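Just so it is clear, A, B, C and D label the chains in written order, and each chain counts residues from 1 on its own.
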């Protein structure tokens, strides 16, 4: 039954993703891509939840590496997006 | 946990409902309302699934009445919407 | 994969079809196909659920047959003008079905049983409360729209108090029920009563002409009721479809309020138009110039361009066929004929479009408000047929007016204005209309159908 | 309500914030706020999950600290021009994290255990396969964009065959693994290798300039990988956020292909530009007229209006500050200066906007393609700075051209055209450009930064 729920969630998210993204101006493609990419760093939450005490050495290595990679994605992703978008804002201020 | 899934489904459906309906021309309000109303007749599916054998007399009465009401909603709703929308089409054909 | 799982996955397909259907319903070009796609989604879900094990088919098929027969006959028979009330009734039945489903689930599973979980108790209460309100509320809306009960907003002193009392009563019964659902059947029955009463109290104070908004809102409720019922019997597709409709209905309500330039609060609680008289404003009327059918015939005969401005009175008089005939006669006479359609003319959105389409008025003669207004100065005759508020210049000029801010069809700017109505009574908003006292206005009193029939015989004779 | 349930409900809030954030990210006015809202959603989810019971905080915090440090430093240090490759790397790490998470979950729960259900086995395989492909594919994309590995599309004979072999191998290992996941660790390790190899094979044949599309696609994959990883550890928010990003990435890919007037298939498999030479078409070139900085100075000095048309070469030469300075000198000289921005100039969407914004070029001087083209005939000098394909008239005229159908900035219609580039080498599409042979065209050969610096000293001198 969980599978059914998750399929519903998948279906609805896909439709929603479509509705939300359609018709973006091409100037925003790069920041949007980078912003969406930061969201996919959500794996961080999953890895934290999975990294419980009492893991084997291998487990700790894999888990820590996963947390580390996901953190790079999250922190770097949001920051880089913000940097790009701050540029975009400056433009408008730059006017006459 | 089911409650969590269902809340996600609810959340996503609400967002989706919003995205899908926003910006409808007022001419379409009545048929859209009636079409959405027909969808809410989905209760029919629920009542059918619940009306299993071995119910008490009261149960049979309530269940059958529920099936009947929901059927009115479904059949009547879709048909009436179609009738309205067929009018809308005729208009366009009626042109020069 | 078990049968149950297959059925549930087929619901995913239904949900996708509902979404596509709704999406297409919201654009004129695809609306009809969208409705069919949504119906297809329903068909799949219903057919698949019939494969479930242990169903008591005889009662199911009986219920479906009776319901389908009633629904189909009603949908086929109903006059185009009665669509809004039909939608209200169907909507009510949707809410009623959710109420019955929750009631039924309680009777068959939880009544006298050891203990239902609190969550189940809550969702049973919710679907009964929302479903019941939707049911009785929709029936009141039906009554008001079909004029089986007076359409006036009905405000009484202590209304708020009554509402609050009823809701507190509902809360009390709900708490009592939730204590021990197994033995709480009497409380549940009480709650069903209260839900039905509340639906009536909720809709009765709202004026008949605000009913489309109310129906959209009740539509949203019926979706939420289906959603709650889905929680009661743990059924996915009820939840998805229900919340989709719930959200769609809510947004539709908002859009409709916006098109009428009102807030939802104002619609629900103000009893718009109940307190009419005082909304009138300035009293410096001129003189009303009544005209006979013959007078009007001469004006029309000499006109190069005529714009019909239909309103709710056209629907009341059922004069659409006569109007089309008159239009054709004018065209034969070399007059340019157009129909100016206000978005909220009549009592439901698209009301005029549907009526005139029924009478086979060509699509390209229907002009939208924003397109006709700039040309209004050059129009020889604006013929207002049972419209009132939508041509009331107070909406533009008089800030104290109840309809101030609503865009109107500026018929008063035409060279001649002819108004067809039965009396000097106000329209839906209950306010005076200075257009009727205008220099260039002639009133042709009487039922619109009879007046136009008279004009037609003038033309023919 | 249990702690676990509270955490899960907080995920619902995160999901809502992600949706809002994405929605706002897709409109220029709200984009920055949208990113912050989405980050807020992430913050809530991360903070809440840290309240879970039994976490091994020291490793978690170590991993987060290291990751955050790397991410923050990288994001702060990276030059604006290197944004696309940065995004590619981050994206790759997202995919890598999903791979590691699935691997980790397997090692800690299922390795040697009695039996994982088939469903779990499948989702482990999926997240490893998709995550691994995303990881290595993104790193190749990074390499190509940063020119650490050659950016040319790299097509070899039997490529399709190699791909199919690798995928069949993956399938074989997957089936072996799924037979008995408990003892299938070696197969899993093999599959990890294959996923990484496949990512390389997937991206290596694609030209460097198509990388933005590839990154959008890999972005969609990294979402799907997160989604699959969510199934492995039964985590809702991973599934919702993952599928949201998956869908958004896919649609973004489609939109980008459309903006470049290509199909996704064409982007992925055609090795666009790999087969350049032959795409040239007609050979009736005129004569190339080289000019010195001094010549160009005299032309500019006499011009009333100058339009700069920047392209990828501007980014390579990092000449944006010099261009702005030259623009200011021209304005002091009484010349009207504008910048014509082609939507796909450079190597990422919005590339030129970002570069010029960095150099503080006022926003209102940046003109979009559709606005500048109609005025082009009246422009005295169109100064093409490191652009090539986006001003190639073959896109309009030559049906056999690889870029036929792409809208261009019609610089050739200006009274004088000055082209700054280092050689007669073609641009991204690998095709000749007749503009360079035009009657009214002068070539100023050399690195754009040096050429413009020379022009500036002419002005100042």
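Quick note on the criterion: a contact is a pair of C-beta atoms (placed from the backbone, for glycine too) under 8 Å apart; a residue touches a chain by one contact, two chains touch by 3 or more.
Just so it is clear, the structure is predicted and the values come from calculations on it, not from any experiment.
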Third chains touching both chain C and chain A: B
Reference chain C; chain at largest CA-centroid distance: D
Chain pair with the higher count of C-beta pairs in contact (A-D, B-D): A-D
Interchain centroid distance [CA atoms averaged], chain B/chain D, Å: 44
Separation of chain A from chain B, taking each centre as the mean of its C-alpha atoms, in whole Å: 36
CA centroid of chain C to CA centroid of chain D, Å: 50
Centre-of-Cα separation between chain D and chain A, whole angstrom: 16
Per-residue overlap in chain B, given as positions that touch at least 2 other chains: 2-3, 5-6, 8-9, 12-13, 15-16, 20
Of all residues in chain D, the ones touching two or more other chains: 11, 19, 236, 240
Graph class of chain-chain contacts, one of line, ring, star, complete, other: other
Those chain pairs that satisfy the touch definition: A-B, A-C, A-D, B-C, B-D
Interfacial residue positions of chain C with respect to chain B in the complex: 11, 18-19, 21-23, 25-28, 31-32, 34-36, 38-39, 41-42, 45-46, 49-50, 52, 54-56, 59-60, 62-64, 66-68, 70-72, 74-76, 78, 80, 83-84, 86-87, 89-91, 93-94, 96-98, 100-101, 103-105, 107-108, 119, 212, 215-216, 219, 222-223, 225-227, 229-231, 233-252, 255-256, 259, 343-344, 348-351, 353-354, 357-358, 360-364, 366
Complex interface listing, chain B residues touching chain A: 2, 5-6, 8-9, 12-13, 15-16, 19-20
Of chain D, residues touching chain B in the complex: 5, 8-9, 11-12, 15-16, 19, 236, 240
Of all residues in chain B, those that touch chain C in their complex: 2-3, 6, 9-10, 13-18, 20-56, 58-60, 62-96
Touching residues (chain side chain A, partner chain C) in the complex: 1, 3-5, 7-8, 11-12, 15
